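Below you'll find a set of structures to go through.
Look at the two complexes coming up: chain A is in both, with chain B in one and chain C in the other.
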Partner chain A sequence: MVVNSYSFLLFFTVVFIVYYLPVLRRTPRFQNAWLLLVSYVFYGFADWQMIPLLLGSTLVFWFVGRWLRREMDQGHRVAASRITTLGVVLGIGLLLWFKYLNFFAESLSLLLNSIGLSVSWTTLNIVLPIGVSFFTFKLISYVIEIHREHIMPSSDFLEFAAYIAFFPTILSGPIDRPDKFLPQMKTVHTLDYLLAADGCRQILWGMFTKMCIADNLAIITASAWESYESLPSTMLLAAALLYPVQLYADFDGYSNMAIGVGKLLGYRVNRNFDHPFLARNMAEYWRRWHISLTGWITDYVFMPLNIAFRNLDNWGVVMAAMINLVLIGLWHGANWTYGAFGFYHGLLFIPLILSGAFAKKKKLKANDLGLPHLKDFGWMLFTFCLVAVGHVIFRAADISEAFAFMESLCTNGLSGASIIDAYGMLYILFALALIIIEWIQRQQEHALQLQRFPLFSRRPVRFALYLLIILLIITFTGRSQAFIYFQF
Partner chain B sequence: MKKFLTILGSFAVVLFLMCAVIEVALLFRPNVYAYKRQYMDEHLHDIKILLLGSSHIEEAVKPELVGEGTFNLAISARLKEYDAALAEMYVPRMDSLKVIVMAVDYTNFFFERWILNPASSHHAPESLVSSCRCMHTKYMGTRIDPFWYWSEILNSRLNFMSRFWNNRQKLQECDSLGYVSLDPALRASDWEYRALPALIDSTKAIDPQSYQELYDSYAAVARLAQPKGVRLILVTPPVYKTYQQAVNPIVRQDMHDFCQKLHEAYPCVEYYDMLYEEGYLPEDFNDSSHLSDDGAVKFSHLLSEIISRRRQ
Partner chain C sequence: MERQEIFSALQEIFMDVLDLEDEVELTDETSANDIEEWDSLSHIQLIVAIEKRFGIKFTSLEIMKWRNVGEMVDSMQEKLK
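What follows is the complex of A and B.
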């Protein structure tokens, strides 16, 4: 049951109506219990066999959180640290077991075989639970935040379980942090009109980017990757430049829908993107791309490593950033392409760190014409190209395919078959329009926050715009593609 | 809550009205389904040879080359049950009818055994079931579903909005006898890899339900043809070598067995498998399984020979 489907509309209508019934608004516990129930139903639709895993890990971490707090209250600092470590190991162990065990075993076996040691390893038939990368990160951050005394452990299991399984975000994020989310579960939610209306607009925008842009660009990029050996360089270049936009439209589309659904239930879910294609260097790009993941890894991996390597000055920061980015890459899946993707981005951080540009946060300003300054625009374009190269590695099935694609891109020549027809051109125009809208709405959370335009202060005009977007979705909706980040 | 629901409700009403206006406006725009129905209604008693099927017939047979009184009622992406429904609507009333030609498509014989073909340019075939159901119900008057109305705006995936900015000739799609000519200038660069069939998982058994459904559709047409002395000619049109390479001999044998079974039950049924027919050049194809205009000329002559052979 994906968010942009009729079945979800029906499901959510029931969830929404019951959620705001007066009987459930008596106490937060009732609303949390309802949220928990529907979240498990939603997760069950995606992968019912993994419900025991989700429930079991939630129970374990709830007990670990309470145990940790008890030890902290009694002043047992060493024991508290050990319990925290246990929590982190359990969370990472869960990820390693389900996501990486076969990969590391196969890689080790290959390595040993390559140096003459014959090793035969039978890989286990482990099924990857959907959403595991997202909910384990929530579980781990819960324990760490208790240890850092940023939150108190949740005394109510219903509340904690509903936070972990919160259905709009369980499959593909954003990864909500307990210090921001759990306090929201302690109050009764009555419908906040402004928040709910904004949520509806955000869902609509998410549907447009996913269904009209991502799904249609997917056809072009898939065609290019299927026959890159024979296609001309121009087509491969177009595909390489379109893939980051496709990925963004897909994932940001999902995130907007998830955040919008959260808002309809009265929750403010973490933001996941902040107009990443307006970044002028790679550090800024990562501050704008998949914010909930990069923020998580920065807080729990980069910052401790940065402190640990502080004696090495700038090279310590380089090492911390490199480890950070390789981990971000590998988080996406058990494939060396993801590791290489992270390593590539790590390399791009080195000149930024050594030049001191890494930590600088320069505000993006428009010139008198409302356009970006030429210098900024040049850096945005350059950064986008660097990102596109990284996504070639990300998109490839293996490292050799990434190199083969790049080689074809450089050597196939300019003439040959086209994979972009008249509709393809239209979808490329949609992609360009998306980037222009990103610039215009760079101060807003999403494109349909139009309060600053006097024209849109009138409801009929806003309605007309929403109808136009719906009409575009109905007319140009692409062949339905699974959300790319579901696989992670 | 009240304000939110009121505004959401009023927006939903406006949205519904917009969709309703588009839906009604579409009724007044020409389309191939409406044209073919109109032709059938007007020439019901003159048609001698009726062509049924999907794009493999619609774009492959030029009626004027097959013989006088031929009409191509085939339409792209049509399911076999709709062929049967149309035959039930028209055949009993067709006084001059001598021959019904129906396609036997290789892709109809997967019976839940198919797997993705990595060589295909477009992996997951888009399901046009809802489009087929919607357009046949609205414009051809077939009533094989319990629902009497299928919204075009929600169900059709055939670029329906372009009907507002295209002219009548383009919207009719076919010529006056129902043939759709494919423009060779618009042939895709990777045409050899387009419209390839899926592969077959030979470990899987045929799904008996889908087999029976297909059999029932053909049998329904045969039951109408037999008492009237009408020949039911089943044909599998030629395909390009890339398609031939993907053909599974097990499935091909299933096709032959299926047609033999039909012939034994209904002697009016004849089957001609031209999947590997020789004499077709690359320019005779628009993609791996659809003929170009040149190919359609060749195939129409061949079909004409088959029809006249038995007549003599």
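What follows is the complex of A and C.
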């Protein structure tokens, strides 16, 4: 049940009406219990066989959290550190088991076969539970934040379980943090009209980017990848440049819908994107792309590594950044391409760290015409191209395919079949429009926050715009594609 | 060491490491949100400078716990007793 479907609309209508019934608004517990119930129903629709795993891991971490705090209260520092390590190992173990064990088994048997040891390894058919990469990260951060004394363990299992299974974000994030989210569960939510209206706009914008841009660009990029050996370089270049926009429109579209649904329930969900294509270098790009994941890894991997390597100066930062980015790459799945993708980004960080440009957060300012300064624009383009190269590795089935695609892109010449028809051109215009809107709305959380434009303060104008977007969605909706990030 | 002494030494270290042009008045509540130049990387440089200046060593957990200058100074006082 995806967010942009009729079944979700029906499901959410029921959720929404019951959630705000006076009887549920008596105490936060009633609303949390309802959220928990519907979140499990929602997760059950996606993968009912994995409900015991979700419930079991939630229970274990709830107990670990309470146990940890008890030891901390008694001043048992060593025991507390050990319990935290246990929590982290359990969480990582869950991920490794479901996500990476097949890959390790296959890689090991390949390695053994290549050195002459004949091994016939039966592939372990472990099914990847949907959302596991997202909810295990929430579980791990819960234990670490208790240990760092930033939160107290939740005393209410209902509340904790509803946080972990919160249906708008369980399948594909954004990855929420307990210190920001759990306090929101302690109050009764009455319908906040302004927040809910903003949520609706955010959902509408998310639907537009997902259904009109991502799903349509997907057709162009998929056909380029299907027959890259024979297509002209121009087409492959177009596909390579369009893929980052497709991925963004897809995942940002999903995130906007998830955050918007959260707002309708009165929740402020973690942000996932901050206009990544306006980044002027790779460090800035990673501060703007998939923020809920990069923020998590920064707090729990990069900073501890940086602290551990603090006497090695810049090379300590280089090592920490490299490990960090390879892990971000591998988080996407068990494939060498993701590792190589992370390594590639790690390499791009080295000059930034050594030159000191890594940490500098220069504010993005417009010139007198309201456009980016030429120098900034040049760096944005350059960064975008570096991102596009990285995404060739990301998109390829394996490393050799990534190289083959690159080789074809450089050597296939200019003549040959086109994969972009008149509609394709239109969708490319949509993609360009998206990037221009990103610039105009760079200070806003999403494109439809239009309060600063006097024109849109008039209700009929605003509604005409929403209607136009709805018509665009109805007219140009692409062949429905699964959300790319559901596979991670 | 008196809290006030630690604060004035920190003031110098902050000005130096973060390369601040204007004087900042550090208080217990000052956090990275209040000083633009104070980010995750300069934070590490600050820690190295503090450890060197005071001849102390923080654990990773202590560093990750701090949420403002006050908590940082608490840790330092503990070590300088």
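Assume the second predicted complex is superposed on the first by the 483 of 488 C-alpha atoms of A that agree within 3 Å, B and C clash if a C-alpha of one lies under 4 Å from a C-alpha of the other, contacts with A are read in each partner's own complex, and residues count from 1 in each chain.
Here, contacts are C-beta pairs under 8 Å (C-beta built on N, C-alpha and C of every residue); 3 or more make two chains touch, one makes a residue touch a chain.
None of these values were measured; they are calculated from a predicted model.
J.: Is it chain B or chain C that touches the larger share of residues in chain A?
T.: After superposing on chain A, more of chain A is contacted by B.
J.: So, A:F358: does it touch chain B (first), chain C (second), both, or neither?
T.: A:F358 contacts chain C only, not chain B.
J.: Which partner chains sit in contact with A:E149 here, chain B, chain C, both or neither? Use first/second/both/neither.
T.: In the superposed model, A:E149 contacts chain C only, not chain B.
J.: So in the superposed three-chain picture, is A:A222 touching just chain B, just chain C, both, or none of them (first/second/both/neither)?
T.: Touch status of A:A222: first partner only.
J.: After the superposition on A, what does A:V317 contact: first (chain B), second (chain C), both or neither?
T.: second
J.: For A:M303, decide between first (touching chain B), second (touching chain C), both and neither.
T.: second
J.: Check the residue A:K375 against both partner chains and state whether it touches chain B (first), chain C (second), both, or neither.
T.: Neither partner.
J.: Of the two partner chains, chain B (first) and chain C (second), which one does A:A197 touch, if any: first, second, both, or neither?
T.: Touch partner of A:A197: chain B, not chain C.
J.: Flag every residue of chain C that touches chain A in the complex, lowest number first.
T.: Counting only chain C, the residues touching chain A are 36, 39-42, 44, 47-48, 60-61, 63-65, 67.
J.: Considering only the defined contacts, which chain A positions touch chain B in the complex?
T.: 20, 190-191, 193, 196-197, 200, 219, 222-223, 226-227, 416-419, 421, 459, 463, 466-467, 470-471, 474-475, 479
J.: Using the touch rule from the top, collect the residues of chain B that touch chain A in their complex.
T.: 1, 3-4, 7-8, 11, 14-15, 18, 121-124, 126, 153-154, 161, 188-190, 193
J.: Please name which positions on chain A make contact with chain C in the complex.
T.: Touch residues, chain A against chain C: 81, 147-150, 298, 302-304, 306-308, 310-311, 317, 358-359, 361.
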